[in-house]
Amino acid sequence: MAEKAAHLPPLDPRNPLAAIESAADAYRNWGRWGEDDVWGTLNFIDEAKRVEAAGLIRRGTTFSLSQLFDTDGPQNGWRRRTNPVHTMLDTGVDAARGNQGFPHGIGGADDVVFMPLQSSTQWDGLGHIFDRGRAWNGRDCGEVVTGEGDQVTGIEKTRDRFVSRGVLLDVGAQFGENGELPDGFAITPEHLDATIEAQGESSHIGTGDIMLVRTGRLARARRDGWEEYAGGPAAGLSFTTAGWLHGHEVAAVATDTWGFEVRPNEFDDAFQPLHQIAIPNMGLFIGELWDLDALAKDCATDGRYDFFLTAAPIPFTKAVGSPVNPIAVK
Amino acid sequence: MAEKAAHLPPLDPRNPLAAIESAADAYRNWGRWGEDDVWGTLNFIDEAKRVEAAGLIRRGTTFSLSQLFDTDGPQNGWRRRTNPVHTMLDTGVDAARGNQGFPHGIGGADDVVFMPLQSSTQWDGLGHIFDRGRAWNGRDCGEVVTGEGDQVTGIEKTRDRFVSRGVLLDVGAQFGENGELPDGFAITPEHLDATIEAQGESSHIGTGDIMLVRTGRLARARRDGWEEYAGGPAAGLSFTTAGWLHGHEVAAVATDTWGFEVRPNEFDDAFQPLHQIAIPNMGLFIGELWDLDALAKDCATDGRYDFFLTAAPIPFTKAVGSPVNPIAVK
Amino acid sequence: MAEKAAHLPPLDPRNPLAAIESAADAYRNWGRWGEDDVWGTLNFIDEAKRVEAAGLIRRGTTFSLSQLFDTDGPQNGWRRRTNPVHTMLDTGVDAARGNQGFPHGIGGADDVVFMPLQSSTQWDGLGHIFDRGRAWNGRDCGEVVTGEGDQVTGIEKTRDRFVSRGVLLDVGAQFGENGELPDGFAITPEHLDATIEAQGESSHIGTGDIMLVRTGRLARARRDGWEEYAGGPAAGLSFTTAGWLHGHEVAAVATDTWGFEVRPNEFDDAFQPLHQIAIPNMGLFIGELWDLDALAKDCATDGRYDFFLTAAPIPFTKAVGSPVNPIAVK
Amino acid sequence: MAEKAAHLPPLDPRNPLAAIESAADAYRNWGRWGEDDVWGTLNFIDEAKRVEAAGLIRRGTTFSLSQLFDTDGPQNGWRRRTNPVHTMLDTGVDAARGNQGFPHGIGGADDVVFMPLQSSTQWDGLGHIFDRGRAWNGRDCGEVVTGEGDQVTGIEKTRDRFVSRGVLLDVGAQFGENGELPDGFAITPEHLDATIEAQGESSHIGTGDIMLVRTGRLARARRDGWEEYAGGPAAGLSFTTAGWLHGHEVAAVATDTWGFEVRPNEFDDAFQPLHQIAIPNMGLFIGELWDLDALAKDCATDGRYDFFLTAAPIPFTKAVGSPVNPIAVK
């Protein structure tokens, strides 16, 4: 299906709407899995794919691809997104003082959290982004995501879906300096293909794979502070990768950035245009704020860039996204 | 190591403290994995065990063992535990009206959640329970879990650990009526052994396995309403299983109940005494409010009760527990 | 203006829509205070009224009319309303242990709260209720209250308004048994007039007054438990009081119940129909879950039912309501 | 009692502990109002004082002294303090679409908030600060404020207390440039006396008054952005005012700054030392983040700096502070 992309005219920075319309028309998957579909590109993962992925577990080594969830995070209040706030209901200090009133020396601690679901490592659900009034599968977005949440494609519908073969494309290592791409670096289909070529056979991407793209942006934040990690400039996928992603039939894509796609984007005036194609039109699941650094190091060491991956969202009913602790096993 | 249990005197309901002291002394793992240990029984999971577990993936079928997270849950405010409250920051209804001010037809929805970390399917962290002032590994609980959270054994320390062979023991199916044990039914070592025997070879339990015990309590709540699911009477593990769990060197145990152990417990006056042995003394991870019903049905159908299991906590820094969406793959 | 009410046909339980339409037409205040108005009936309070109210302070005695805000409250999760959850960020127990790292012996405690704004003693803002798509002053409700909150009549707009003469009408004492009206008791204009008559001169109600109506419902909840206090049956204002409230030009009305109006209401099938007239059509501010018992006792003792009243909302920007601790001074 | 202050040696920046000990000893009010006291300096407000205050209501003009509560606030995550996050449970946009399922055209909006209690305009409760292990009235701070909150002096205990005569001391206008004191400006007793002298008779301060001190810091934040408003340098009360505040028997003091006292403080190494004297030793209530600008302008215009003041906390049970919307009436 890669030729589809070739038919699109080159990206014109002055005309985002035309580009969005063309790409949406070219890569739209509405109806592909039936009228009632709530899984989008997760349909590409079948049981055979999971059995194949299981075969990639050779050493039994595990990697958590999640950032830590705490107030020392990237959020700055934009659109009311704060960092997670974790507080205690009861503590060991209380238990040590005998404040708790339980018999025979048992004591306990308990806690709560308040968090925007997009505040740290997360999946965007299918109800997270709309295109000209339409949510995934062509539904009226006003019917889908109301004040009570996502009535149709809530993240809980995918709770057993995110198990597949994962593949890491370390574009930062291939094209960056010290493994880090500069802000505004647009990762094109050519960069993806070149990275796959350079990394070797284990990096081939096909139907149902979950593709992880490392830019090095998080490594910089870890070193230099969060600064504008949330909402600021960053490397990321080019708008022109829409066809590539569609053609390769990936089940999901995740990055080590806030916004998945390149920022600022390639148009004079647009907001997250690749999201606009990917989520409501393709039904593609997008992961953001993932920590790919330790995994990348291991892949570089053993030369194997694919692995078994589970990335199960917490099934908040009717949520348009979810925190996730993705686990890669090699 | 099973004989250790045999040395303990029979449980005297009138003397919980003596029983707690004896069991704590007999099954204490302090220092077993070094002074700085933060993993407890998760140390039993090694890479070979994970490779073994990967071999259990034959069909590629996945099971989410998580309840849904929403206000229609079991919590009733006890110890300030509410059900999770999920609210929207932006909606499709807003996008449909053009309220959002984004260009070229992109619209979005976003959300937040407030939740006690023990409100639905969860892992108890090692900082959740103390025994006579001591946290896991013998640490002073007042040094470990302060108002700022668990300074030592926060759940984030285990973020890549929960991948192993899982085994379901459907005690409800063996000893219950219609698969449901009555409230107050204490599951003894004998019940566990008999269930393993009845279920067959795939149910053997050994070092590093994650053991899931189904009582049928959640099935009843699903049918009849939550009622006293949280904090009320239920079937669960007998205090006398402490030695069995210790001797079998399981990495973790999870149940389909609020409290893991039988309620009311077997003493005239005690509060969650098996927790008091398991968490601070053994370093055992306990999962509660898991949904084992669909998995149990599948196991009964194909006769295989073991599977690959990932159950990655969300790494809330310094938390004493975490919501989790455990995924079993067969 | 009382004759306006007289022109309305008697309430027909089978035809709520006709009754709502008639009352809305008869008592609508749209445009009365200009197109940009955000204060509704609070416009009735002028400076002279406040000076008059100040004259009611004779003894200097104060009454808080607020319930306590904690998890032991009336909410049960309906429409995701929980009770307030208060947790500590730091504690005296921590300070006593020297956990906090501050110099020279200073220690501190800090806390957070999560709460639905309607969870305890509160004001309904003008954006809380709509009538057939219209918010207060005839505005399109979809333009007024979006996913980002009330863009026009947020509660913060009233932050210096709620100071006036307050008058308590203890209908429970006049018509109830032991001061408590039975559930479903509809307080009619006749009951209001009779209560004023019985209580005497200090109970006259006029332009700009804040009227407090005691039913005794909270006293019962305090004695017998919350049960169905939130959302269940209760005494309250009859739909037929709309004209009375309009004609008397009260600035606000508050009650000791969850829902202000009688429940079940007087129609075969309607939901809070008096709200539908009062808030979007009249621009009337409604207070709910107020605690009027101690004040009522004092009024009965000294025979004076009017007082100086401040009831300042916390100015949450764009909120459609607010918790409040109303203070009466006699 | 002013001579007490005179007996203290001059402040030695190198020896904060000695200064704290001397001031604590000199100005401690423990036991002054009985062993069970929970009101501290609020005991100075008597009914006669409130009647006197009522006499200050001449025009009926009201001033809200509260900042707005929203995400555009001063907090930056320090000690897990975020700005308040307000989200909608239901909206007018939903109502306009007919999403809500209520009959006869009624629609509604509802909302929730998450907030640290110190995030905006607030009262510090008596359990907020400790001195060498002691809370107000000499209590062991570990007995008073546990993981479940303030067991003794929770803010709810004061819910009907904060009504008195208020006096504004506009030190910024007297000693600042354009009404704004520079950061680090320590307001001494001499500055307070000079301001009272300059403002005239209405500014006298005595037993039971609530004193408001304006520095101009909030005016600058409003103009230049929040920057380091929370926790950064600011003008504020000098440590040397402890005796003045004690001698004048004020009921409470509030400022337009984050920290009430001058920052950095006057010692080489200390943290909020005046808090350490004021709250646990004197039992003094401190208000922070108040907005005094509009009131100050009015006072300058009419030359009257005293007024009737209500500042009722929301009675969160066992809280160590509370948001407040203080209302001044002139």
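We just call them A, B, C and D in the order they show up, numbering each chain from 1.
In this text, a contact is a pair of C-beta atoms (placed from the backbone, for glycine too) under 8 Å apart; a residue touches a chain by one contact, two chains touch by 3 or more.
Since this is a predicted model, take the numbers as computed values, not measurements.
Touching chain B and chain C together: A, D. When the C-beta pairs in contact are tallied for A-D and for B-D, the bigger tally goes to A-D.
Counting every residue number used by either copy at the chain C-chain D contact, over half are found in both chains. Averaged C-alpha coordinates put the centre of chain C at 28 Å from the centre of chain D. Remark: chain B and chain D have CA centroids separated by 46 Å (rounded to whole angstrom). Chain D has residues 72, 80, 85-91, 93-94, 96-97, 99, 112, 114, 116, 142, 146-148 in contact with two or more other chains.
By the touch criterion stated above, chain A contacts chain C in their complex at residues 85, 87-89, 91, 93-94, 96-97, 99, 112, 114, 147.
Contact residues of chain D toward chain C in the complex are 16-17, 20, 46-51, 54-55, 57-64, 66-70, 72, 79-81, 84, 86, 88-93, 95-97, 102-118, 127-133, 135, 140-150, 156, 159-163, 269-273, 275-276, 308, 310, 312-321, 323-327, 329.
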